[in-house]
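Below you'll find the structure I mean.
Each chain carries a letter (A, B, C and D) given by its place in the written order, and its residues are counted from 1.
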Amino acid sequence: MRGERVIFEEGQPGRTNHQHAPDSASLKDLPPTLLRSTPPPLPEVSELQVVRHYTRLSQKNFSIDTHFYPLGSCTMKYNPRACHVLAMLPGFLNRHPLEPDQTGQGVLSSLFELQEMLAEITGMAAVSLSPMAGAQGEFAGVAMIGAYHRQRGDVERVEMLVPDAAHGTNPATASLCGFRVREIATQATGDLDLDSLREAVGPQTAGLMLTNPSTLGLFEREVETIIDIVHQAGGLLYYDGANLNAITGRARPGDMGFDAIHINVHKTFSTPHGGGGPGAGPVGVSKRLQPFLPVPMVGCQRDAAGKNHFAWVGARERPQTIGQLSAFMGNIGVLLRAYVYLRMVGGDGMRRVADHATLNANYLMARLTEAGFTAAFANRRASHEFILTLKPEMDRFGVSALDFAKRLLDYGFYAPTIYFPLLVPECLLIEPTETESKEELDRFIAAMVAIRSEAMENPALLKEAPHHVPVPGGGLGRLDETRAARKPDLIWKKRD
Amino acid sequence: MRGERVIFEEGQPGRTNHQHAPDSASLKDLPPTLLRSTPPPLPEVSELQVVRHYTRLSQKNFSIDTHFYPLGSCTMKYNPRACHVLAMLPGFLNRHPLEPDQTGQGVLSSLFELQEMLAEITGMAAVSLSPMAGAQGEFAGVAMIGAYHRQRGDVERVEMLVPDAAHGTNPATASLCGFRVREIATQATGDLDLDSLREAVGPQTAGLMLTNPSTLGLFEREVETIIDIVHQAGGLLYYDGANLNAITGRARPGDMGFDAIHINVHKTFSTPHGGGGPGAGPVGVSKRLQPFLPVPMVGCQRDAAGKNHFAWVGARERPQTIGQLSAFMGNIGVLLRAYVYLRMVGGDGMRRVADHATLNANYLMARLTEAGFTAAFANRRASHEFILTLKPEMDRFGVSALDFAKRLLDYGFYAPTIYFPLLVPECLLIEPTETESKEELDRFIAAMVAIRSEAMENPALLKEAPHHVPVPGGGLGRLDETRAARKPDLIWKKRD
Amino acid sequence: MPFIPHTQEDVQSMLSTIGVESLDALFDEIPTTLRSAPPRLPPPLKEMAISRLMRERAGKEGGALAFLGAGAYEHHIPAAVWEIAGRGEFYSAYTPYQAEASQGTLQLLYEYQTMIAGLTGMDLSNASLYDGASATAEAVLMAVRCSQKQGGCVGIPATVNPRVVATIRTLVSQLGIELVEIESCPLTGAVDWQRLAGYPQRDWLALLIPQPNYFGVLEEVDALTNWGHAQGALVIGVVNPLSLGVLKPPGEWGEKGADLVCGEGQPLGIPLSSGGPYLGFLACQTQWTRQLPGRIVGRTEDRRGQVGFVLTLQAREQHIRRAKATSNICTNQGLMTVAATLYLALLGPTGLARVATACHHNSKQLQEKLTGIVGVEKGYDGPFFHEFVLQLARPVESVLAGLFDRGIIGGLALASDRLLVCCTETKTEQDRDRYAQALEDVMKESGG
Amino acid sequence: MPFIPHTQEDVQSMLSTIGVESLDALFDEIPTTLRSAPPRLPPPLKEMAISRLMRERAGKEGGALAFLGAGAYEHHIPAAVWEIAGRGEFYSAYTPYQAEASQGTLQLLYEYQTMIAGLTGMDLSNASLYDGASATAEAVLMAVRCSQKQGGCVGIPATVNPRVVATIRTLVSQLGIELVEIESCPLTGAVDWQRLAGYPQRDWLALLIPQPNYFGVLEEVDALTNWGHAQGALVIGVVNPLSLGVLKPPGEWGEKGADLVCGEGQPLGIPLSSGGPYLGFLACQTQWTRQLPGRIVGRTEDRRGQVGFVLTLQAREQHIRRAKATSNICTNQGLMTVAATLYLALLGPTGLARVATACHHNSKQLQEKLTGIVGVEKGYDGPFFHEFVLQLARPVESVLAGLFDRGIIGGLALASDRLLVCCTETKTEQDRDRYAQALEDVMKESGG
């Protein structure tokens, strides 16, 4: 089976979907120097060719809708179809962002309620919805920490502390906000190394970015102490909310003492990941950071008759804001999906989410260790995810985490996150989420066990995997990433 | 790869999507003897399991959106997505059929215009949209012919003439309408045998059901003579419109002299076939059959202010009607799709449809015969479809039309219609439709040629085909139809 | 060109391969006298323009709070149903003739057959017919074939939906099958089985039993089934499949159970759509398998023992048996079975029972509220399911008009003083109160 | 339970496998002082109830005929775009880390990169950023990196969308990059490149050139590009990609072409949605490849020489380079690239040119109509694309209010006497006449 041609290869000069004779419209009145001399090199294909090509391409994806997708740190859970359908109602889709607020009371009221609900779930004083992904939420949070210190004249605080297990966006964000990044070590237990932390903090400390449960899949047991240490040194605490799915309804970052948090709605609140986005990264803060929240936010005023009026609130009303993060109001369509999800799940439901996400992870960890795999933190409770290290398998059979991952594709499972966090050698970070059934987990366990036997008996089977990814036109072998980076081929050109 | 489990195997007792605590509602007040004693044996699965299962199942279909589908007589052309989206607008979907006409002016005006447009395209005096598929359109047409004769007291006309090449629905319909079916032979040229016809007609003749272009993919050259013969014998003429795609904008059944016609909107007017329906089979008639049209139809009245009011017209207003064919008004959602399609394509566009459908068929026929295949009617012009006979291949290599068809699946093409019409041995009835590009046709030709080489060199390859149908979880071999019929296994039961 | 991919060069090169000069030449076998100009249709619209037109037209529709049933029912349809049913692979495939390339549709139909058989308590089901009414007509024809008798009659209670009866009449009348109406009791709104004993002796081929019946009333199905069987008739249950979430399945009616079960599948995830497309279902016991009309899917294996699904028992069908087929049906309502299957899978036994119970509860509540209004009485006494008749002291037409002015479609007029009202799970307490308030106002107003 | 498949038995058996008693026990590592009760949220709604609520809320929105642009544009989106983009396999997949199991998304992104590069006349494009404004900020950061200079400033014409400028300010201000405003000519509404020569000497790192600019006016991009390059600055084109169906691609601006091109991809098949999600694009010439932020997809092969696609050049990104990454972006706007790719494929070169031409035509017509009204003058003289400024003799706010009462959103107030009006291919002649008539009435009425 050959792969799918690229759409440009399907084209024919002169083919067009355009249905009818061109209108009389012309560009005669525009200066010719401002116009194109040749048509843009786009494909020339029929509507059927477009539909067929992209329908076939779509089938070449594993996705939540088709496969178990235990990608650690990513919370690939079911994206309820109702959220999609309701966020795509024409009334929502067709409204221009600059229309007067009075034509947007439906969307504004939903967003206002979402702000309130997220504040309640996280225990923060206020939430702004405008960041367009987790990383932008981080940016907002860290920029607010900077603004806070600056406003107090505390200009020496140039260092941001980041645990060595942190997600790459944490240090990258700190840099983007002009901070120097200082890494804090992790203990063998998986908790943060308090000694390193104590050593690191000082008058130059702007804050600490913590993920809790951490990217190791562990709840940071010393979180209160950590917060005290940093606060006492005059720093603020940033909470990376990527793992919120582990604790909703069980614990709240605000109660722990964090000053800022971002939330990945495309994780905990089940908005789809879209093959790479869009997500949304609402940011919540404690009281002292409230004035700095990014704009716009949604405000509510009650009129004399007791009727609520919702309106966008911008830099004019919030002069201390760090500013706006996008031309308009962030990823509203995504936020509406999160709103619908939250309204369907409710408060007790949010606890059930954490409970069952955690149950699934601990069950998988128990069964897999029982089957001979090595958990990186066998004596700890897993949160909603956990780490296996394949170091033993590497040592004994010469197969790597990558080999395991690729072989899982042959079995019809998306692979867990590999080689992250960087601390644990040959690691698989496995996150089943609460929406997977026990049967599915059992099938995954069976596959892992089978692959482990293959590793013993025929390691080449893993090293050459995948062999027959079960998608149409599958049978693709392992792709050569080195070649891709060495001789970048980034756009299609006619070849012969 | 194992196949997809059936949904019942995914279930677990007690699993439910139902989101919240049961309401206080109960059935206490109903007599227990009228109630179920055990819950219905439905699957107990989560929403994700449903979505995943049926998404995966869907991928196991070939379809227009994914594959070339040259199924003769079926006109598998592109189903424009706009037709679907616009017919699925909530305003259309949520209206109850018995609401007053005043809440349905949008849908009624569209249907009224569709009636008019179909009458214009076919050249008939009037059209009723209510039949729910081609076969029901046939029923309506033939029942009207019966009603016409009865009304004239012409009660001896008990015989319906049907060419031997006719589609199975023709004789089946005639029987259902209480007629005796008499077959008329076809000449070697593909035209109807006028001698047989002359011999067959008489005072017992109720009518003749003709498909034109015929199921042989040929325009019936003697159609005027045929019509004369039957009309002179006092019979009426029924036109099976399944092949209308071949002649829209080029010729009209009404002009030819037909008395009744059905139209498969799921063929010529590009509504989707949905894996087996729903379609719709509007029926058009000449003046004399007009009073008998099935109800309801859509009427239009202009008020004093010149505004149109559209309303359903039923048996009360049309006392001679053969009656209603469904509880309500037929497959309205399908008819709306046809309406949208027709409005986008327009009158000249309908001719272009026939032109290019015919062009594609004749091109394929020319290239395939050039490549050594045998056209059943090589000296005739193909209409929008044509027949290859694989008799020579059968005789020389022992491979059948079925073998060819199954092998085409391996190449990623749906198979043409096989063994229909019954007249031509080992036949493939090939209908490319106008929406396929020359490149796609060329790829199909290449596959046919390759398979023919395989037939010479390694016929077993065909006889055991398919080998690896390119769908996920494919690799299904040829399924045993005999076994299925001999030991029917028609519903899932728990097995061990 | 709209939906036609050919470039000028394509057309030229293809014409020359064929060996003709022009597209016109491809039609040279059509007698010149018969050639026509392109039809005169309104000028073609771009997708943008037709979208705007249809949105305007759709925008005009409905909008009123409708308490209509009478054979088509508003239910909440989970979003996942049409998100999946609308997938191109289901939507744009043909009838699954090539089994190996149509396993998606085929396996789904097999699951559908299983669900319908399970719901109805039958051994098997076909893969759909057009709608409930035509399916009932097919059931009558099937029963006649099964009975293998010449002559005889089919009993149709007066409580069967009149639209269904009209359709049966159209579809079976051509074959001269006699349909005999069986009276109902004016008090209960159901067939009084005890009076049936007094009926003139007849050669009954089949007996239809609607459950719930047209008035929403529940029939005494056990007694009726036993009576039918005692007459040597085949018993055909005509049921609302959603009600089978809680009502006794026809397979368990009376001592032997119904023989055939048919009905309208629309309540199972199919939108109202002004009347269609809907879904006819027909299920039966094994002994009648070979008389069943329509597609049937069976499970089988390939050479290597892998499970797969095929269309089976095709010798019943028109494309094989032609004039002697069990029916002329070819295209059926495939995509509607996709929706129904998804709906039933999403709801499961608990969900279906809860929806049915909520319907019952809401309609009961509404009935109580409405019959508390002066001039509004119960039409019948019997137990009912999600639909009931009201007896009004004011002319129904003017009451309906008054309600319509208040944004409510109050039901279907059955007679000048009788109204059929339906209330499913979609109607909240607020909706019901709104109806009651409006009716109260209208009854006062239109009073005299 | 909503979206959770566990039965009671599942939970029990899993707990016992884990070796704990209860779900509570799974959280025993959380300090007791930190454990919380479930959040107090509104009571959960069934899908039916939330559907009704959201339909009501959606029903309230918009509805007026809006002549708004200013960075987000209404276009007809072919139905096929979201029918395909909404498919679960695109919608519910993650960032394509496992290439072999993500070929759908990866190949599509490769095609997207090719289309964007082709439209802009650049060598390559990344696979999306958040929106046009943040993409422009990333372009500024990238240009600063490319320039490898310390200090220096970035020139931003006053004709750049102020919302974009505000976003740049937020995103780059933390790094102390100096942004210098470049004035525009009050008559033409564009930058007067001839006056730039008189600017004080400065160390320009980069120059932004908007085309069309915020006022819809077309800039003299050739001269500006040449000026920028003469100053040693990198030239960043900020463009509306739809306009590139007819306007000169930035790769051909001036003698050497722009160095980077960025902008808002929303016009390419993405609905307005009250403001997002949209699509930021960023393309550049090959020499800057390794400074490009965001995902990039490359074509490669497997062992057997079969073509496939992978995420590549990841050493630029945060998950590898961490604090030294080109950007902190991780999740981007993947699904929006699906829509944009489908849109561009459906339109093709001809379709895109026709849409752009129709926009131009319609806005020109509207401008002529409106400036024929007493008290309504052109704001600027220069050539424009689908958006223009009006100078009003009445206070803009009251004019807009008057129009709103007539169901029209007349544009965006730029100042108390200036209105920015947009007119795309979606506005028919009738719509334009309606606007003109309403404006005429309002101008008379609000007159004094």
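Things worth noting here:
Operating definition for what follows: a contact is a pair of C-beta atoms (placed from the backbone, for glycine too) under 8 Å apart; a residue touches a chain by one contact, two chains touch by 3 or more.
Quantities reported herein were computed from a predicted structural model and do not represent experimental measurements.
Separation of chain C from chain D in touch steps, taking the shortest path, is 1.
Between A-C and A-D, more C-beta contact pairs are found at A-D. Centroids built from CA atoms put chain D at 45 Å from chain B. Per-chain Cα centroids separate chain A from chain D by 20 Å. In whole angstrom, the spacing between the mean C-alpha positions of chain A and chain B is 47.
Chain contacts: chain C has residues 1-6, 10, 44, 46-47, 51, 55, 78-80, 83-84, 86-89 touching two or more partner chains.
Touching of two or more other chains is recorded for residues 12, 15, 17, 19, 45-49, 51, 55, 59, 64-67, 78, 80-82, 84-86, 90, 344, 435-438, 471 of chain B. Against chain A, in their complex, chain B makes its touches with residues 1, 10, 12, 15, 19, 46-49, 51-52, 55-56, 59, 64-67, 78, 80-81, 344, 412, 435-439, 468, 470-474. Residues of chain D touching chain B in their complex: 1-10, 44, 46-47, 55, 78-80, 83-84, 88-89.
Touching chain C in their complex are the following residues of chain A: 12-17, 19-20, 45-49, 51, 55, 80-82, 84-86, 90. Interface of chain D with chain C (complex): residues 46-48, 51, 76, 78-79, 83, 86-88, 425-426.
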